[in-house]
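Two complexes come next, and they have one chain in common, subunit A, joined by subunit B in the first and subunit C in the second.
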Partner chain A sequence: MKNTIYVGNTQQFNAFLLFYIVVAAQIGVGIHGFQRVLYEDAKQDAWISLVLSFVFAHIVVTVMMKTLDMFESNDLYGIHLDIFGKYFGTTLNCIYCLYPLFAFIAIVINYIEVINTWVFPYLSPNFLCLTILIITIYAFTGGLRIIVGLCFFSFFFILWIPPILIIPLKYSDWNFLLPILDNELKDIAKGVLSMTFTIIGFEIINVIYPFVKEKDKYKRYVHLGLLFTFLLYLAILLISLTFFSGGQLSKTIWATLTLFSIIRLPFIERVEIITICVWLIIILPNLCLFMWSAYRGIIRMKVISPVKFSVFFAIIIFIANILFYKRSTINIYDKYYGRVAFFIVFIYPFILFLLAWIKKKFRKIKTAGEHNNEN
Partner chain B sequence: MFNKKKQDKEKNENKDQENKEQQQNEEKPKHEPISPDKNQFLLDVKQKLHSPSDFIVRFVSDNMTLVYVDNLVDNKMLNEIILTQLHEVEEIPEAIHLKLSIPEVDVVNELNKFIGDMLQGAAIVHVNGYDQVVVAKISAYQSRGLSAPENESQVIGSQVGFNENLSTNISLIRRYITNPNLCNEKFVLGKQTKTSLSVLYIHGIAIEEYINTVKQRITDLEIEDLIDSSVLAELIDDNSRSIFPQMLLTERPDRFCDGLLSGKIGIIVNGSSMGILCPYSFIEFFQSREDQNLRWPIASFIRLLRFFAILISIFLTPIYVASLTFHYEVIPQPLLVPLSESRAIVPFPPIIEALILELIIELLREAGAKLPTKVGQTIGIVGGIVIGTAAVEAGITSNILIIIVALGALSSFTTPNYMMGNVIRIIRFPIILLAGFWGYYGVMIAVCILFIHLLRLTTLGAPYMAPFYPPRFKQWPNSIIRFPITFIQRQAVNSRNKKNDSEQSGKKVSK
Partner chain C sequence: MKIKNFIIVLICIIILTGCAESRILERISITTLLGYDLEEENKVTTTVTVRQVSPDDKSSVETQTNTEDTSFGTRIKVDLQTAKKVMAGQLRVILVGNELAKSGIEQPLQRNMMNSEISNSIYFAIADGTAKEIIEGEYEHITDIGQHVYNLIHHNVESQHSVSPTLHEIVRNDYSPFRDNAIPIIKKNDQVISIKGLALFQKSKMVGELSSTDTFYVIMLRDKFESGALELTLPGNTLSSTQDKDNKLEVGINSIRSNRSLKLVDASTIEFDINVEIKCRLVELHSNENTGEPEVTKKLEKAIAAEIEKELARVIKITQEKNSDIFGFGDVYHASVRHSGLTEEKWYEMYPNAKMNPKVKVEILRNGIFE
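Moving on, here comes the complex of A and B:
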C-alpha cells in the first residue's frame, strides 16, 4: 500500500499503553462541567444519554479501527492520500489538521477560564496561556515517547477522583433519578450530541495507529480505555444528578468542581482548588497529543522540525486565546466546536470506512480484471 | 566455552591493550632510540625530564647505571633485591632481565616508553654499550589505608570503603566477586595526567550494548586531565546539562559489587575513591544497599519512609508558601489559627520568609561540610538553634516555617546518594519561587516540568524513569518496597536479560 510511513521499532510502543492514551485523550476539561449541558437536554435521564453516547463511541471506534486495519501501518492522513489521490487528499489533510488546532484552543480557553474563576481571578489569561504553551512545547519536542509517558503518569492523577466522590455520595438523593425515561427520545439524543465535547479524544488512534507495536491486540485496549472513562463519567454524572436538584444543576456551570468544594478532609478544605491546579497535568497529555496529531498531518505536506512547528502552533494558539477569551465566546466556541467535532469524530469515520471499502472492492476488481487480461 | 576462551585470553589481551595504548600515546612524539653511551643516556633522560630535583642516578658499577624518580619506587625492594642482584649479574640487559627476581621486568629500547614507566615508579638499569634498558617496575603508591565510607554510612553491612588506589579498589571488588566472568578493561585518559581507569562488568550478566556504549564514550573523550571519577561521570553522561545525575557515584565496594551483579557496568578511576555505576535509573538512586541487609518489612518501611521524605523535602515548603500566599481557604479553620498566630508579627510575605530560612539552612549545611570536623558539629548545632530561635524571636520568621524547613532539610539527607540529595535540595528553590508567585498553579507547573524532564532523560540510552515508564509492572513492587530476598529479581531495572528480550521480539516478528 502506498503512503505507508516507516516507523522504526524504537519509536513504537506496546499496545497496552493505548489504554492510557485513550483515557488521557478523553479526560480533559469537559469533565468539569458536562453535567449541566447534559441536564439541559435530557433532564434526569442524562445518564441514559451518557450510556448511549458511549455505546455510539464504541461503534465508531470499531469502525475506525476497521478502516485503519484495511491500510497497513498507515494513519488517517495516509489513508486520505490513498483514497482521494494526492491533491484532494492533501486538501482533506489540511482541513483535518485544523481539527486538533481547534481542540487545542478549546481545552486551553476552557481551562484558563476555570482557573480564572475559581483560583486566580486576577491572573492574566495571556500569562496562563503562555505557561501552558511552554510546558506543552517542552513535552512535545521530546517526541512521542515522552507524550505517551505523560499520558501514562497523568492516569494516576485521575485515579484519586473516584474514592473522593464517596463523600458527596452521603448527601445524594436517588429519587432525583426518577421517573426514568420520562423525556422524549429526541431530548435524549440531543444529550448524546452535547456529550460530544466531553467524550471525544479517542480519535487520536487515527493518527497514533502506526506507532502501536502489537497490531493484533490493540483493539481491546482502546475499548478498555473507553470503558474506563465511561465508568468515571457515569459515576460523576450519577452523583451530580442525585446530589444537585434539577434547578441547581442547570445553574451550575462546573458541577464537578462544585461537588468537590463540599469535601472537607481533616487537613484540607476546598479540594476543588487543588483539583483545578492538578488538572494541569491531566490536560497536558491531551494538549500534547493534539499538537502531535496536527504535526503528523503537517509533515505529510512539508517537512518541518518539531521545534519550529510547535512554536508556530503555539503562536496561533496564543492569538486565538486573546481573541476568544470571554465567557460568552467560550460558550459559543464550545457549542460550534462540539458540532464540528461530532461530525469529524462520529460521522466522518463511517463515510471514510465506506469509501475505503468501495475503493478496496474497486481495486480488487481492477486487479482481477488485469489478471484476466493477462491470461 | 566461549567464556573460558575469553578468560584465557583476558590476561594477554590486557597486556596487549596496555602496550597498544602506550604505543598510541607515544606515537605523536617521535620514536627516539636510547643512546648506548652512558653519559649521553643520562643527558637525554635529564633533558626529557627537565632535570628534576627528585631524579636519582646511581652508578652500580662502571658500566651499569640505575636511574629512578625518588619516592615513586619501593625503596625496600630497590635496596634488598635490585641493588644486591645487580652486583651478581652479568652486565647484559637480557641477563639482568632474567636474573632480577621481581614480578614485573621488561627490556625496552625506546626512550619515551621507559620514561613513561619511570614516572609511574619503575627503576631503569642502563648498561653501557647497549641501546636497551631494563625496566624494573617496583612502584610504591602512597595511599591511605582502607577506612569506613564516610559519605555513605550504613548501620548494618560492611564498613569498608574504596580508597584512591586503582589496584586496591579492584582487588576489593575481586574479593567480593570471585568469578572468572568479571571482566576488567583498562583505559588511559587525559593528555597531561594519563590517568588509568578500569571498566568492570560481569560477562553474561551485563548487556553488551551498554558495555559498548561505555567503552565508546570513554575512547571518544579527548581531555587534558582527569582528576576524579565524578568528572568522568559528567563527561560520559547522556545529558550532562541536566541537574539529575544519571550515573551513580559510590564509595562502597558492596554497593558497587551489588550493581555489577545486577548487570550494571562499573568504572573505577585511579586517584578517586568513588566508583561509577551505570546505567542507573531514577528510582534506584533512592534504594540503599542496606535495604538488602535488613529484614524485609523493616527495609520496606524505611524505603517508603525515604520516598515520603523526598516528597516532603521538595514540596512541603512550596506548599506552605503557596497556601499562605494565595490559598488560605484550603487550610482548615483549626489549623489556620495557629498558623496565622505564628505569622502575626512576621513582616515579610511568606515567599521572602521561606527563602531566607531555606538559605540559612543551606548556609549551615555548607559551612558544616567545609568546617574542620571538630568544630563543624558544634557550629552546626549551635548555629541552627541560635539562628532558629533568634529568628523567631526577632520576628522575621514563624515557628511553623522553621519546623517545615528543618523537616525538609532533614528529609533531603535521607537520600542514600549524596549527589541525588543535592539535587533534591536545590530544586526546592525554583519551586518555592513559582509557589510564591502563582500558588498551587506554580507548583503544578514545576511538577509538570519535572515530570517531562525526567521522562526525557536517558541513562546510557535506557529510559531514566524505568521501570515506571516504560511500564514494567512486574518490577514495580520491588522498586517501591523490598520483597523478601527469595522473590527479588536479581536483574536491575534497565538490565533485563538480553536473551529474553531477543526471544520476545523474535516471537513478535514471527507472528
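Moving on, here comes the complex of A and C:
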C-alpha cells in the first residue's frame, strides 16, 4: 500500500492516551448550552436523543476504525489518495482540511461570546481572539506529544464538574421528565441532529491513528472516551431538564452556566465565572488538535513548517473572528456548521468505508488474476 | 536563566490579570436591594439601596429612587446621582410592590435574568404596599436595609418557616405552564420588617394571599420538611373523655420531618391522593396525661393527623378558589397522563374542580425530658 506514513517510535504515544484525546476533543464549547437546542426539538425526551446520538457515535467510530484497519499505518488523507488517486484525492483532502478550520472558528467565536457576555463585556473580541491564538500556536508548535500531554492535563479540569452538580440537584423536580416518550420519534431524531455540534471531536482518530503505538488494542480506549463524555453529558442534561422548567430552558442560552450560577460556595460567590475562565484550558487541546489535524492534511500537499502553517492558520481565524462578532451571526454559523459537521462526521465514514471495502475486493481479484496469469 | 524567565512570566501573569476591567471595591458602590413599583402610565419606579465602601470612613448606605420606562434607564439616572459607579453583582433581594405584582411580574423577572451580572440565587419577594416605602423607611436599629431583608428571608428559608423564593425558582415556576408561584410577602410595621405571608400567583399575576401560619402547609405539600415546627389546637376530649369537647388542648410539635407524595388516581374526574408522612417530637402538651404510654401517644397521633388533614384541605381549597396551582398538581397531571394535550388554559379550567384527598400519617418519635 502506498502513501503510508512512517512514524518513528519517539513520535508515537501509548494507546491508553487516546481516552484523554477523545474526551478532550469532544468537550468544548457545546457543553455550555446544548440543553436548549436539544429541548426545543425533543422536549422532555431530550435525554433519549442524547442516548441515541451516542449510540450512533459508537457505530460511526467502529466504522471509522474498521476503515483505518484496512490500511496499515495511514491517516484519512492517505486513504483518500489511495482510494481516489492523486488528483481527486488531493481535492478531497483540500476540502477535508477546511473542516478543522471551521471547527476551530466555531470554538473560538463561541468561547469569546461567552466571555464577553458573562465576564468582561467591554473587552475587545479581537484582543481575546489574539490571546487565544497566541497560546494555541505556542502549544501547537510543541508537537503532537505536547498536545497529547495537554489533553491529559485538561481532563482533570473537567473532573470537578460532576461533584459540583450535586448542589443544583436540590432544586430538581423529576416530574419534568415525565411522561417519557410523549413526543414523536421524528422530534427525537431531530434532537440527535442538533446534538452534532456538541458531540463531534472523536473524528480526530482519523488523523491521529498512525501515531498510536499499540494498534491492536486502541479501540477500547476510543469507546471508553466516548462513554465518559456520554456520562458527563447525560448527568448535565438530566439535571438541567429537572432543574429548569420547559419554558425557562428554552429561553436560557447557556443552561450549564446558569445552572452553575445558583451555586454559592463560602469562598466563591459566582462559580460560573471561574468555570468560564478555566474553560480556556479545556478548549485549548481542542483547538490544538483541530489545528494539528489541518496541518496533517496540508503537509501531504506541500511541505511547510509548523510555525509558518500556524501563523497562516491564525490569520484566517482572526479574519473570521472579525466577520462573526454578533450573536445573530454566530448562531447562523453554528447552525450551518452543525449541518456540515453532521455530514462529515456521521455520514461520510460510511461512504468511505464502502469505497475502501470495494477497492480492497477489487485489488484482491486483480492480484489473484495476476497470480493465475503467472501460473 | 530558565528560572529567571519563568519568574518574569509568572510576575507578568499575576500583575497583568488585574488590568482587564478592574472593579476596585473602594471605587464602586454596591446595590444590595432593588425595589420595583408600578407608577401611572405603566412606568416603573425603581428604588435601590446603594452601599459605598470607603477606606477611611465607615461604609455608608443610601437609597435612590427614579421613574423610567426601563430599569436600565433608571440605572443610568442613579449613576448620575452617585459619586461611584453602581454595580449590581452583589444584589441580594428584589422587592416588587403589591400593585406591580398584581399587574404581572414577568417584566421585572426577565430583565434580571437577562443581566449576567445578577446571580439567580438571589431572593425575590413581594412588598406589602410599595417597595419604596420599605426601602426608604427610617429604621433605628437597621443600618443596611438590603442585608437585613436578605437575612430575614434567608434564615426563615433555612428553618423552613418560609417558602424558598430564589430568583431561579420564581422564574422556573413563572415559565412553567402547570405550576404557579407562591412568594413571601415582606411587610413594614413601623420599625419592624417581617414576613407577612405568601402571595398567590396565577400565571404571573398576584391573585391572593395566604397567612404566615398557612405557609407551613404549603411547604408540607410542595416539598419535604427537614426541620419544621407547628402549634396545633386539638379538641379537648382527645386524651381524656372526662374533659369537655369545647375545652381546647394545645399541642406543640417540632423537629418535624415530612415526606409527601402526590398521585393522580382518576384522570377523568381529576382526583388526587395526597399522602403525607410526618415524624415529629412533642415539645408542648397542656395536659396531665402520661405521654409515655403507647395508647396516649396513639390517640395524640391520630388527633394531630386529623387536624393537619383538615388544615391541608382548607389551604388547598383557598388556592382552588383563587385558581392558583402553587403545589404543581398540573405538573403531576401532565406527567401521569400520556398524550394529554394539556394546555395552560385547560388546566386553569380544571384545577378549581379537582378533588383532593389529603391523608396524613403522624408518628411521634419522642417527647421532652419531663413527662
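By our rule, the second predicted complex is superposed on the first by the 375 of 375 C-alpha atoms of A that agree within 3 Å, B and C clash if a C-alpha of one lies under 4 Å from a C-alpha of the other, contacts with A are read in each partner's own complex, and residues count from 1 in each chain.
In the analysis below, a contact is a pair of C-beta atoms (placed from the backbone, for glycine too) under 8 Å apart; a residue touches a chain by one contact, two chains touch by 3 or more.
Not measured: the values here are computed from a predicted model.
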item	value
Subunit A as common anchor, with subunit B and subunit C clashing or fitting	clash
First, second, both or neither for A:Thr90, with subunit B first and subunit C second	neither
Subunit B versus subunit C as contact partner of A:Asn14, first or second or both or neither	first
First (subunit B), second (subunit C), both or neither touched by A:Thr62	neither
First, second, both or neither for A:Ser73, with subunit B first and subunit C second	neither
First, second, both or neither for A:Ile281, with subunit B first and subunit C second	first
Which of subunit B and subunit C A:Thr131 touches, first, second, both or neither	first
Subunit B versus subunit C as contact partner of A:Arg270, first or second or both or neither	both
If touched residues of subunit A are counted for subunit B and for subunit C, the larger one	B
Which superposed partner A:Ile262 touches (first subunit B, second subunit C, both, neither)	second
First, second, both or neither for A:Leu123, with subunit B first and subunit C second	both
Touching both subunit C and subunit B, counted on subunit A across the two superposed complexes	120, 123, 264, 269-270
Interface residues, subunit B side, partner subunit A - complex	326-327, 329-332, 335, 438-441, 443-445, 447-449, 451-452, 455-456, 465, 468-471, 505, 508, 511
Of subunit C, residues touching subunit A in the complex	20-21, 89, 113, 116, 119-121, 166, 168-169, 171-177, 179, 328, 331-332, 334-339
Residues of subunit A touching subunit B in the complex	9, 13-14, 17, 115, 119-120, 123, 128, 131, 135, 138-139, 142, 145-146, 149-150, 152-153, 213-214, 216, 264, 266-270, 273-274, 277-278, 280-281, 284
Of subunit A, residues touching subunit C in the complex	117-118, 120, 122-123, 171, 173, 175-176, 178-179, 182, 243-248, 251, 258, 261-264, 269-270
